[in-house]
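Two complexes follow with subunit A in common, the first pairing it with subunit B and the second with subunit C.
Entry: the complex of A and B
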């Protein structure tokens, strides 16, 4: 039957497609449990040994902590700046506002390598020592356009009257923003936050070029890889992956469920 | 609390468009004023100027005797109830209603007590912890009212608050608004384009058109004794009959119309009687036509034939063609018990006291607002 054949082909196609996407991850996670020293087939048996190794590795755990710190702080800053910029563009008439808006979003189209090199030369010219702060600044630069775009897109005209009502009831401008506008936009602010945390969490180029002694997790993993393959790298890779999955779930749970409700 | 409002020579230009043209209006404390007019007549502009969302190009606004022309909305003793309710979607009803009190620095417990009292006023005390999206349109309406009243404004501004409700709910909310206004005693300034709503709730109606005030008065006066053609046409249906003055004597005025000569009492004129030869317009409401030969003093208008009729329950609404002027069409309400048939001839007459004579030429033969 051609119809059944079609269905079979569709299933096969979908299977191959998903296999192509997820096989590397599955292999990575699977061989992080390898009972042996090489993360390649054949699988000798399952062990949690390598996870024990990475959690005992002080340098690796320090890098993980650094990564979290940079991701959370740089994302919070990017969200704050993005929100303020979006508020200004949505509520006030600014000179050349289309051009200004394009300029804010522009870094999204520039390669992170270019941004990293630019920041590197600026920092060295200004005699600023490379540190986690400079990495964070770089991450703000790449995440700000994203945060701005997401938050700006959710600012509609129907909120103007609500803000006006708040002002009418005696709220000052900062109170309107803090107590009315920001809470109304919370779903999109959180979406911007979690998305930029995930980007910052596994960003490598900026983190590599703009750090020196304290490094983030991707940079630490890269230096581990230079000394050869080892199921330990699989284990830490799995942890990174798990973390991203958790972040995405949080995004889904907090943001998408909330915005699904009628307001 | 309550306060009087005084608007003096307010003008507002938007570029080359004059939205408000030299408007002056005195409102007493505790009065329920309705600004009535078609869209674009300037009523919402006037309300925004009262609320502090717009500054007039010229003129002044006094509230309770104090000049408020350049005072920001937050610092005025006014609050606004918006057409789309503008409730805070992320706050419970209690926090919505208590917001203004919070901005005034009231302690939490005192704030909640007052907010609950105002929710009680609009019958939503039991729903205090719910969010706006859980409510129906009419309930959101009430929350918006409670929120605006919670800060004890001197003047409450209502921007077409009932516009989004269906007809039945709108009539019900009208009654509630009126009852609540009597209870709190606050000055209400209410904007609408619905003349029935205006008549139902207003102490005084202000009819506006093209940035100017056309007429101000009690609902009955605006309806029965309109002072302009626009006002007569906007407040329900009216027949406009062009006429010319022949002469006046003994408190009566003789005028000539397409339906023949008519003798009117001088009281029919809203302003001074123009000299002989002056052009005027007679304004006759459809329900003021009477069968000829009734007991009260009436003005005969000759015979007319019925073109068509429709039964409205309380009356038959008929279109008539007068014999004396076959190109004219009049609208008349005949009694419930009449049995009008197309082609029937009837003797037209109108109670003399109900005719209004206006010293203006009609812009069109019918003054229907829509």
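Entry: the complex of A and C
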């Protein structure tokens, strides 16, 4: 095939696939502005009515707040536990450390349905009321392996000397960790944090099975689906997508700053 | 090796740091998992879980055709999705890696996986908008005069497959791209010098070298696809159920924890088998 034809073919193929990838998102966002009650063509006109609806919807806004709360708190806990464990395994020699590390990353290999089901059976056996706390506990389980792996991978040998220097100058253990190690690792700690927030923010199964009266946003959207296609669902879906993208770009900025290469 | 008091003190400190994570994982993952495995061997009578050991749940799984059918459906759908996704994603990854100028590659990749970051629920709902009877695709087809009646795209296996393929094309583009950019251009030059045609180079050099990336992606696709409840529930309709849907049914309507637990372990066994099958390539990737 001549080179030009090849290039034309490549552009066509990439165009079609990008179209496929973006089709549902474009339709979702476009018809969230639908001036009518059905979010399907034809487009009757553009309105912000449905966004007004969702921001006036008390239940939906409560769910949005719950989602943010659960995402931020569970990610912070996961980062803290992950950081401490990474510090222990990178700086000290512990017996059977391979096995212990395997235990910490194990939840990553198991589907969230199984994690949720296990937690649900234990909680109901122990008569623990389902709430946002139980959802948060589940989200820490899925995010801890991720935080641990990211932070552990970035704890190199080159930081040890700086920590030693700090210790020689009289810093206590907690001072070394808090004032020396943590700031040096801040890019990867933040990367782990934002990635966790993204996952927790979007997670459905654990949030669905382990919540009762207060629910997170994906669960609330799920219950909205029962009423079928509705531009209001489009509007809240677009908001959720926008927030995920914002989180992603924050992550990208931080990762970029860490690697220090403009691309 | 003798342990000095100083070393012992250090080690105690290290335990202190590692312990919170270990305790959390044990309490909220390992223990619940073990408890669930135990429950799967118990039974339910009068709405209560009774701790009598039996293999009844597993026997029921292989005995009741609708349960076994759900697993077969899941395996079929997952296989179809994995194959189509690889076939679609590979050329895209190749175009991004080879045809897009270096400085735009990162942007092209981010764009290719952007919708990846919407939640399952929102993504499946968006596909419902596109595929439903009055949706974008059907209205376009009717408007263009290609079909007279709207096609049954949602509420069918087609819907589930399209929803899944969309997600996994993005995932696979990422893993295959990561593999492709690692390849030294020298391989291709050497093959060309030795007289291989473009197609031969691809078939005998590039493809085998990118197999690890394909397998990593295929494994992730398999695991995430076979365990997903949302996509088939929103897009698949009621005609056929996949395994996660059946598991959720046990929980919801019947509150049959032992059965749900047994089915989950079957699901996990299938995933483990897939891992063992792929382990060879997954290991290669790690080095």
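Here, the second predicted complex is superposed on the first by the 255 of 263 C-alpha atoms of A that agree within 3 Å, B and C clash if a C-alpha of one lies under 4 Å from a C-alpha of the other, contacts with A are read in each partner's own complex, and residues count from 1 in each chain.
To be clear about the criterion, a contact is a pair of C-beta atoms (placed from the backbone, for glycine too) under 8 Å apart; a residue touches a chain by one contact, two chains touch by 3 or more.
Computed from a prediction, not measured in an experiment: that's the story for all the values here.
Asks: Quick check on the subunit A-based superposition: subunit B and subunit C, clash or fit?
Replies: Fit.
Asks: Please indicate which partner A:107 is in contact with in the superposed arrangement: first for subunit B, second for subunit C, both, or neither.
Replies: second
Asks: Is subunit A touched at more residues by subunit B or by subunit C?
Replies: C
Asks: With the two complexes superposed on chain A, say which partner A:131 touches: subunit B (first), subunit C (second), both, or neither.
Replies: neither
Asks: First (subunit B), second (subunit C), both or neither: which does A:161 touch?
Replies: first
Asks: Check whether A:47 is in contact with subunit B, with subunit C, with both or with neither, and answer first, second, both or neither.
Replies: After superposition on chain A, A:47 lies in contact with neither partner.
Asks: May I ask for the angle at the C-alpha centre of subunit A between those of subunit B and subunit C, rounded to a multiple of 10 degrees?
Replies: 100
Asks: Between subunit B and subunit C, report the minimum C-alpha distance in the superposition, expressed in whole angstrom.
Replies: Taking the overlay as described at the top, subunit B lies 8 Å from subunit C at its nearest C-alpha.
Asks: Residue overlap on subunit A between the subunit B contact set and the subunit C contact set?
Replies: 263
Asks: Over in the complex, which subunit A residues touch subunit C? Could you list them?
Replies: 7, 10, 13-14, 17-18, 20-25, 27-28, 31, 38-42, 80-82, 84-85, 87-89, 91-94, 100, 103-104, 106-107, 109-115, 117-122, 124-125, 137-138, 140-141, 144, 148, 173, 198, 201-205, 209, 218, 221-222, 225, 229, 233-234, 237, 240-241, 244-245, 247-248, 252, 263
Asks: Over in the complex, which subunit C residues touch subunit A? Could you list them?
Replies: Listed in rising order, the residues are 10-11, 13-18, 20-22, 24-26, 28-33, 35-36, 39, 88, 91-92, 95-96, 99, 103, 106, 110-112, 114-115, 117-123, 125-130, 132, 134-136, 139-140, 166, 169-170, 223-224, 227, 229-230, 234, 244, 247, 251, 257, 260-261, 264, 267-268, 271, 275.
Asks: For subunit B, which residues count as touching subunit A in their complex?
Replies: 51-53, 72-75, 78-80, 82, 84, 86-91, 99-100, 103-104, 132-133, 147-148, 151
Asks: Show me the residue ranges of subunit A that touch subunit B in the complex, using the header's touch definition.
Replies: 158, 161-162, 164-172, 175, 179-180, 183-184, 186, 261-263
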